[in-house]
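In the two assemblies presented below, chain A is common to both, partnered first by chain B and then by chain C.
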Partner chain A sequence: MQWMTLFNKEMLENWRNKKWLWVPLVMMIVTIMDPISYYFLPYILENMGDMPDGAILEMPAVKAEAAFMMSIESLSMYGALILILIFMGTITNERQLGITELILAKPIDYRNYITAKWAAYISLAIISLLVSLSMSWYYTNLLFGSLSIQLFILTVAFYSVWFIFVISLTIFFNTFCKNAGLVVACTIGSLFSLSGINAVVGYRLTWFPNQLAAHLNEMLLTSEVSGALLGTVGIIICLILLLLTVSIIIFQRKELI
Partner chain B sequence: MTIATVKNVTKSYGSTDVLHNVSFSLTKGNCIALIGPNGAGKTTLIRILIGLIKPTAGQCHFSTEEKDIRSLIGYLPQHPVFHSWMTGEEFLIYSAKLAGIPPKEAMIRTNDLLIRVGIDNAKHKPIRTYSGGMKQRLGIAQAIIHRPMLLLLDEPVSALDPLGRREVLDLLDSLKTDMTVLFSTHILSDADEVSDDVIVLHEGKVIEADSIHTLRKKYQTTKIELTFDGDITKYKNALLQLSTVTDVQIIRQTLHLTVTDITDARKEILESVRDFAWELTSFIINRTSLEDLFMKAVQQ
Partner chain C sequence: MEAFNDLNLFQLLVPLIIIQFILVIVALIDLIKRENTLGPKWMWTLIIIFVTTLGPIIYFVVGRKHD
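Let's look at the complex of A and B:
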């Protein structure tokens, strides 16, 4: 019951400060921008550019899977950034303002406090992901050819895990960073390090978290869920559980004011 | 009945001791004032009691079976901050539910408390529109909504205007019957008004912890002030003859007597007044105010 109270508070707060409106909206724009602008690129160039008469512009034909993948790639970058920015101060800001002092004087289980926040933001993130990828799927079918609904659902499901990982990383830094700016710096720093490691040795580490996009791409092309994809998702889920546990332990040990 | 014992609590940040070997106990149903100048360690001590920070050494023991002592304590920080987007009513219901009170009961208690602390008419407005006094009252309401046995208030009236201070002090006075109240203050008249016991904290050390009554007696000065009609030098010599009077000084037409014992001296002086028909106009036993008491305790 206490968990629900904390969860409802987060949901209500995100509703009142309109995050439930703008986060899905911004994420949708980010997601559909790439495939749509790619589709219309020849027309744009024709009308805007100083192309010499008679110039023929041949864009390589893009398949539905590749167009859908463009959306995923934009989400990896901007989607993750939006998540970090909306979640950056969830604990640090409350602590800095002094709300934590009042709230944690109540008999609150720290596990509830952390996981309720985590779950509330995951709801927001996954709904936004669903809305934006649905939009992208619609345009993909309209402009680039058909993509099966099974593949669409699988992509959303597997990619959600990556979003949950980003949120878990942000809440982990929230438990000990003194201000929200530091949380953003640490989270983005960690994500960059991960992708750096991926760029150097990723080809040898099939289950490395950042290989998820590559595996999803493969799934879209072959219409098959590979063992490598499941392995990677498994590793990410383990990391999420680890981050959550460590966050709760840090939060319990730390003096909060 | 003792509800809490603080034993040899020390809190250090680096090499400085904010609290040094603090010990005292809290008795059920009393109102205790924690007094001390700014920086004496009052806030730190209160935060240790509620468990928000941990002592470097020593411990707080509560006489209860309850595992999470926070459910038995109500707490109002010095500068309470609320979720400003919530309404007063929402915040109280939220606080009640966090303390494990079922939704229906939470509603009932919220409405009762909103009336009791006098912010009933603003209950549907967001907290960001509340004045300082209203926030303080909301703060007290959220601290007592789970009916704690111990209420900890950190400087509850220091930031309020005289009217708000009056209201909060009256509220505290009415709470004394239901729970033990411990509040910190650096304004001694507030402590004098509502508290039964005082704990004097100075530079992280407890220098006095007793009832106001006992402390008054302990620091009672043996001074009496007398004024007479007519020539007071005549009285000075007569008074010096009394066995209990050790010294008499005249300051601005008032005789300041130093005596060996207040009770004996009063008896002897008043007998002389009667027997010799002295024209006494005023008789004042110099009552130690909490302020004097505090100054003396700190200087020792």
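Let's look at the complex of A and C:
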């Protein structure tokens, strides 16, 4: 009951902020830009580049799966960045403006406060992901050939776990960082270190979180859900739960001091 | 590139243009209704209209002040 009230408050706030409008729109642009520009690349080069007469341009044919992966890759970068940016000040700003005190003056469970925020942003992220990948799927089918609906649904389902992870990481830094800028720096920093570790020793750690995109690529190519993919998703879910628990604990301690 | 002849360039790009247009409109409506922005309003109007895609995003992320 209390949780629903807090959740509704977050949803209303996100609606009034117009996040429910602009985040899906921006995600759509991010996902469809790459496949479309790849499709038009030969055309663009022909018309705008200084190509000598008679130059033959052979573009490697791109399969539907590869085109769909382009969308996933740009989401990994820009999509995650947008999520971090919209989520950066959710607790720190409220704390600075004194809203947190106002809310927590009432007998509110800290667990509800954190998880309601988390759930509200996750619904926003997953709906944006669904809408934008549907657009990308439509374009992939139109331009590069067909991709089955099962694979599409599986990709959305597995990839949303990564988005939830990014949000959990942001809320974790939100609980103890003083301002929103620091939250962004810390979150991006840790995401970069994760991908750095992945680049160096990732080939030995099959279940490393950042291997998710590679496993998804494999799934799209072979149309089979591999054990490694499930393992990676399992690890990420464990990390999400851990981050949430630690966030709640830190938040409780911090409010008491 | 066989499909290229069948598909109209226009048809493909129209959804993208519509999305960007909606984004600009949403940002402008928000700007008009808002009382406090970071920096002058005319500056944001120019940024939203002339900086494609990135302009509205920058406005939504940093341009608005909390009331």
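By definition in this document, the second predicted complex is superposed on the first by the 255 of 257 C-alpha atoms of A that agree within 3 Å, B and C clash if a C-alpha of one lies under 4 Å from a C-alpha of the other, contacts with A are read in each partner's own complex, and residues count from 1 in each chain.
Simple rule for what comes next: a residue touches a chain if its C-beta (ideal position, glycine included) is under 8 Å from a C-beta of that chain, and two chains touch if they have at least 3 such contacts.
Because the structure is predicted, anything quoted here is derived from the model rather than measured.
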Exercise. In the superposed arrangement, does A:I108 touch chain B (first), chain C (second), both or neither?
Worked result: first
Exercise. Can A:L97 be said to touch chain B (first), chain C (second), both, or neither?
Worked result: both
For this session: Would you sort A:I29 into first (chain B), second (chain C), both or neither based on which partner it touches?
Result: second
Problem set entry | Contacts of A:M1 with chain B and chain C, given as first, second, both or neither | first
Exercise. A:K9 contacts which: chain B (first), chain C (second), both, neither?
Worked result: first
Exercise. Of the two partner chains, chain B (first) and chain C (second), which one does A:I86 touch, if any: first, second, both, or neither?
Worked result: second
For this session: Go through the superposed model and pick first if A:S37 touches only chain B, second if only chain C, both, or neither.
Result: neither
Seminar exercise, completed: Footprint intersection on chain A (chain B / chain C) at 17, 97
Seminar exercise, completed: So, in the complex, the side of chain B touching chain A is made of residues 47, 50, 52-54, 68, 70-71, 73, 75, 77, 79-83, 85, 94-95, 97-100, 139, 142, 146
Problem set entry | For the chain C and chain A complex, residues of the former touching the latter | 1, 3-4, 7, 9, 12-13, 15-16, 19-20, 22-23, 26-27, 30, 53, 56-57, 60-61, 64, 66
Exercise. In the complex of these two chains, what residues of chain A are touching chain B?
Worked result: 1-2, 5-6, 9, 13, 16-17, 97-99, 101-108, 255-257
Seminar exercise, completed: Residue positions on chain A within touch of chain C in the complex are 17-19, 21-22, 25-26, 28-29, 32-33, 36, 40, 42-43, 82, 85-86, 93, 97, 135, 139, 142-143
